[in-house]
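Each of the next two complexes has subunit A plus one other chain: subunit B in the first, subunit C in the second.
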Partner chain A sequence: MKRAQIDMQLAALLGILAVVPIVDSVLPTALQVTPLMPPVLIFALVGLGLSVATGFTGLLHLGVAAFVAIGAYTFAIVTCSIYPFQIPWLCAVLLAGLVGMATGALLALPTMRLRGDYLAIVTLGFGEIVQDVLRNLDAITKGTQGINPLGGPTIVSFQAPLSTATRWYYLVLFILALVAFLMQRLLQSPTGRSWLALRDDELAASCMGVNPARTKLATFAVSAGLCAVAGALLASFLGSSGEPSNYDFQVSIMALSMVIVGGLGSIPGAILGAIIMVGINSIVLAKLADWLSNVSTGSSNVLLSPSNWKYMIFGLALVLMMRFKSEGLMPPRQSGGK
Partner chain B sequence: MTVTSNAAPLLALRNVTVQFGGLTAAHDVTLDVTDGQIAAVIGPNGAGKTTVFNCVTGIYAPSSGTIEVRGRDIREPLTWLVLGKSLGIGCIFGLALMLGVNAQILWDASINQLYVYEQQFDWAAAGAAFVSTLRSQDSSLTWGIFIFGSLLAAAGSFTMWQRTRHTPYTAVHRKIARTFQNIRLFRSMSALENVLMGMQSVHRSHVVPALLRTKHFAQQERIRREEARELLDFVGLSDVEHTLASALPYGSQRRLEIARALASKPNLILLDEPAAGMNPSEMAALTALIAKIRDRGTTVLLIEHHMKLVMGISDHITVLEYGEKIAEGPPDAVKQDPKVIAAYLGDTHNDH
Partner chain C sequence: MNATEVLTQQLIIGLSNGMIIALIALGYTMVYGLVELINFAHGDLFMLGGFCALTILGGLGLAPLPSASEIGSLSWWASFVLLFTLVPCFCGALNWLIDRLAYRPLRNAPRLVPLVSALGVSFILLNVGLFWGGLPMQAFDMGVSAASPKDFPQLVSNTNLLGESSFIVFSPKDLLVISATLSLLLVLVLVVTRTQFGRAMRAVAQNPVAARLVGIDVDRIISLTFVLGGALAGVASIIYALYNNTVFFQMGYRVGIDAFTAAVLGGIGNLVGSVIGGILIGLIRAMSDQYISTEWTNTIVFMLLIGVLVFRPAGLLGRATKEKV
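Showing the complex of A and B:
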């Protein structure tokens, strides 16, 4: 009964997202959001990845940006024309996911006995290490230049009635919906239950036959795999792997804020959180900046540049959430209804 | 039910000692649990009862002594497969480390120097360049790193295995389940889901069928739910299957823990103070339940402070004091034992 309610939330959220480009087409250009939306949805995928480790299994993970970077760079290396591989788009995205899973498992190996704060520090350190490695392995990663140009999938580039932006939008939305759907199913299987059990009580879970080390390894791998797929999509959308410092600690923190605002451990929550947090950053503030630059001319007050507001808004959002609705906007089943 | 060999007891502790630093929590405890019994461990607070339980379920490792289940060491046996796995992990790690250390040079030689933009790439030449560059490297950077990495990872994974030879999740595969003194239910799950979690060790479930929701998976899940409902019914909780575990009243939480432990189809169930905090009528129901569990074919080993309950249903009682066994035998004999009266019953003559 409550589970059906959660499914409804997810379906409603995805339904609303599906009609955004249609609504958009009747709005004036200044208010259209479709071209800005794909990165937001890609971040929702990162949020889902983080949910696996932090939301479901209760492992505080502060290094998801590293896996986004690994995904982006893997995708870039195997598709970019400066290297001989140039494999098809879909294979590259899947390969990025696999490489992400492998590195996620690698990170989990030394951290299997850690929990809480200690694990957070280790994952944070891992995030920094990955950035440094990408910067210094310049024979492969081109250092701070990033790898470009990168292409999109054929489905986005061929001529069709829909604009490229709209096709990107639906492609990412489809992937997001697919992942959310599969995750929902996994949560209702013994595997997913063992993740939740590990979060509730590690000792009791292991007395039920759950191997905590193996389960943590699996959740880290799945989490990293999803983040890496998101990284590959992002690189493909932006046409460049970007530079290593694009995947810094702030990205990990933003992902964490997203899942906290949406509701830790909730699938629709992670998506909603991403739309709110990243949406404010890359859509609302960007539109506001356009508008302000039209209205006021020549003023150099820093407060008139809305992109400077973003961390203030993030901070404020977190403080307000913790104070008034600490379980998040769309809390998972256990905290709702009681 | 289970095939019982009369030769070996279901559970046998042989001279088990547990030390935490200088503190000896259990000293030289020898204990047999026979099939089909209700056995009890009693003793004053701090006598080491829960320590013994924790040893059996792999939460602590005994400092000395052995624990046997039907005559076999409770720890996972050391097999060639374990050694092979450790070596395999070692080799993979060593190889990865070696390639990682030489990544830049290898990439430069085999890709950057050979690939001409938008020209056909000669993979054979790249492979040859890769191998020759690797060969021309200083051997300390290739073989040295490989051997170092392999040894490190092999030793690491073997140590890891050794530490997990006897853990709660291996104990449950030896058909030993337990409940906890301070209730440890999965708070965010419903009563039914808690019992489903208890089945984790019996039903192997794979991820892919779960994602595709195959017919077989759906059927398995239905069977699991059916079994879980039967167990809830068995402990008298059939009306609350969808209630969150944390929202249940205290007595029901204790019974839910028992249902969850039974879900792993154990041969032996350890109950750690199942009657703690219960009122007399709840306790009477619990006594009946414990007898029912035994009649079902599950041997029971319990820790309990309520003398009435223990003396009423136990077939065999072991008395611990300061980590040592001071008496054992049937309830009537234990009741008469002067050592026991002095240590335990003597203090609580005006019963509670």
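Showing the complex of A and C:
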């Protein structure tokens, strides 16, 4: 049973993630990761969003950061106390997702006829446009200050035995598991099958009655919607929308490398890729820097600062991965006969 | 300054910048034409060329602002000759090495695989640039943090060739950019249309299998194309640094994205197209800076690109290819 195997991988991955805070509680403070994990899991959500466009439908998307930004700013504007809306948390996250879907569909409209590489440059350009617009409309977006303060959902602010970080962790993990499960169901549905068909052979798919235009539109919308939800969660977690340059090309590339390292088109792969890539970036390097600054005193050699090596690490990871295991760490099982 | 003078000035600025963009765009387009790979590392190769030039000048001991007596002196000429030989060699060799290690083993893989590899190489080069700017290797301003832009010595003067009284500035810098790129483009056209290598290159671009059948060493042609594209990026980096008097480690991304846009705008894979695309982008940027707002220039360039692609999905000069079944 091929399908069951993927479910096993996903279940195992989510199971391991579920016990992380428990294991964490017995570790020394320097090794605890739970407070740093929610952004990693949020990025896994971005990875799932990108998977829809690039993994399932085969459209190279280099601008997912734009949709994360759109989600974050939408959430910020409708909840922040400096604006008159202040709608409930859950409504705001869903609204961010809807706005993301709408802009995703809007981007899909002019790009319908484009071949792979042309599509890549248009999505890349869209990412730049969104950043510029956010930067230039600083009357609304507050420029580099970002929109803040932003609140979390009432769930995480209860007085309960668990710490706020742990509650955030489980909240994001729950959303991630829910999305991963829904996505797995979606892939079995006619919509999901039409995505895979379009990726494998556009001409053959259209001969079988798949409408390429409508399918691409749906792909872009779902992909953008997921990224926007992730953006809303990120803004809520950080308490601020951040500044426009937080959503630059590097973020889109980070998302792409996660999906590729994990295995293009694989749901557990996208999550695993996010844990590895974002985990290295925001947990391992940060811990290493803390440790180094404790051990050595004074010397501020640029070469000794771990964060200065992060591009090198990502670059080498991508190049070596492509050279020796280009299908990723958790490649999807082939569906159907080839 | 009246309106005509403003327009002329912006045309000069746009043309100069567009020429530089065109040089880099050629590197993207030549590689794409042969192996259908968007070489994301090309912009960063251009950036490393700038640091290589800076290091050479540091070794020669030229001050950031050479005095009038130094300009035209022997060391001034020597620095020019050294720059325009060593930097293209460095960039060409580096590009050859990159192709050899990161792209060639993936020639038969699905298209996304070498593309991601190129993104990886781009990151590695970016990191090298970050350190190159910050180490004792740096030529000037010691003790400045690694990420900050570095001053590039003002080797070509800024004085107005049209006389001090003229409102329109056309400096030796503009002359250098335009004459150097034009002659380089001429050489490139001759290489591509008149030499054995150029003919082989066009053959490989048209049909690699048939090219191999008629005895062309396809791998060698691809390697040489990487060297040629790299050398062009090297020349572009010197010209860029001489024109703007600054190098910074993110310039590969900023300028590279313009060049890439230019290549796509002109129809990627088409040499003439990418030159036209480059000049167009340069001009549009200059006009937008002057008449709209510098803040919106990037947005306008990309909007225009999307607009062009809606009506001509294969770029201005690109041929729409029917998908092979």
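Here is the rule we use: the second predicted complex is superposed on the first by the 334 of 338 C-alpha atoms of A that agree within 3 Å, B and C clash if a C-alpha of one lies under 4 Å from a C-alpha of the other, contacts with A are read in each partner's own complex, and residues count from 1 in each chain.
To be clear about the criterion, contacts are C-beta pairs under 8 Å (C-beta built on N, C-alpha and C of every residue); 3 or more make two chains touch, one makes a residue touch a chain.
Quick caveat: nothing in here was measured; it's all calculated off a predicted structure.
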{"item": "Partner chain in contact with A:A213 - subunit B first, subunit C second, else both or neither", "value": "first"}
{"item": "Subunit B versus subunit C as contact partner of A:A12, first or second or both or neither", "value": "neither"}
{"item": "A:I87 touches, of subunit B and subunit C: first, second, both or neither?", "value": "neither"}
{"item": "First, second, both or neither for A:L178, with subunit B first and subunit C second", "value": "neither"}
{"item": "Which of subunit B and subunit C A:V23 touches, first, second, both or neither", "value": "neither"}
{"item": "Touching partner for A:L203 - first (subunit B), second (subunit C), both, neither", "value": "both"}
{"item": "Contacts of A:L186 with subunit B and subunit C, given as first, second, both or neither", "value": "first"}
{"item": "Residues of subunit A at both interfaces, subunit B in one complex, subunit C in the other", "value": "203"}
{"item": "Subunit A to subunit B touching residues, read off their complex", "value": "1, 81-84, 137, 139-140, 182, 185-186, 189-194, 196-197, 199-201, 203-213, 332-335, 338"}
{"item": "Residues of subunit A that touch subunit C when the two form their complex", "value": "54, 60, 110-111, 113-118, 120-122, 124-126, 128-129, 132-133, 135-136, 202-203, 249, 253, 256-257, 260, 264, 302-303, 308-312, 314-319, 321-323, 326"}
{"item": "Complex contacts: residues of subunit B adjacent to subunit A", "value": "57, 59, 103-105, 107-108, 111-112, 115, 117-118, 121, 123, 126, 160, 164, 167-169, 171-173, 177-178, 180, 184-189, 193, 196-203, 205, 207, 210-211, 213, 217, 221, 224, 242, 244, 247, 260, 264"}
{"item": "Subunit C - residues contacting subunit A, complex", "value": "32, 36, 38, 101-102, 105-106, 109-117, 119-128, 130-131, 134-135, 145-146, 253, 257, 260-261, 264, 268, 295-296, 298-299, 301-303, 305-307, 309-310, 313-315, 323, 325"}
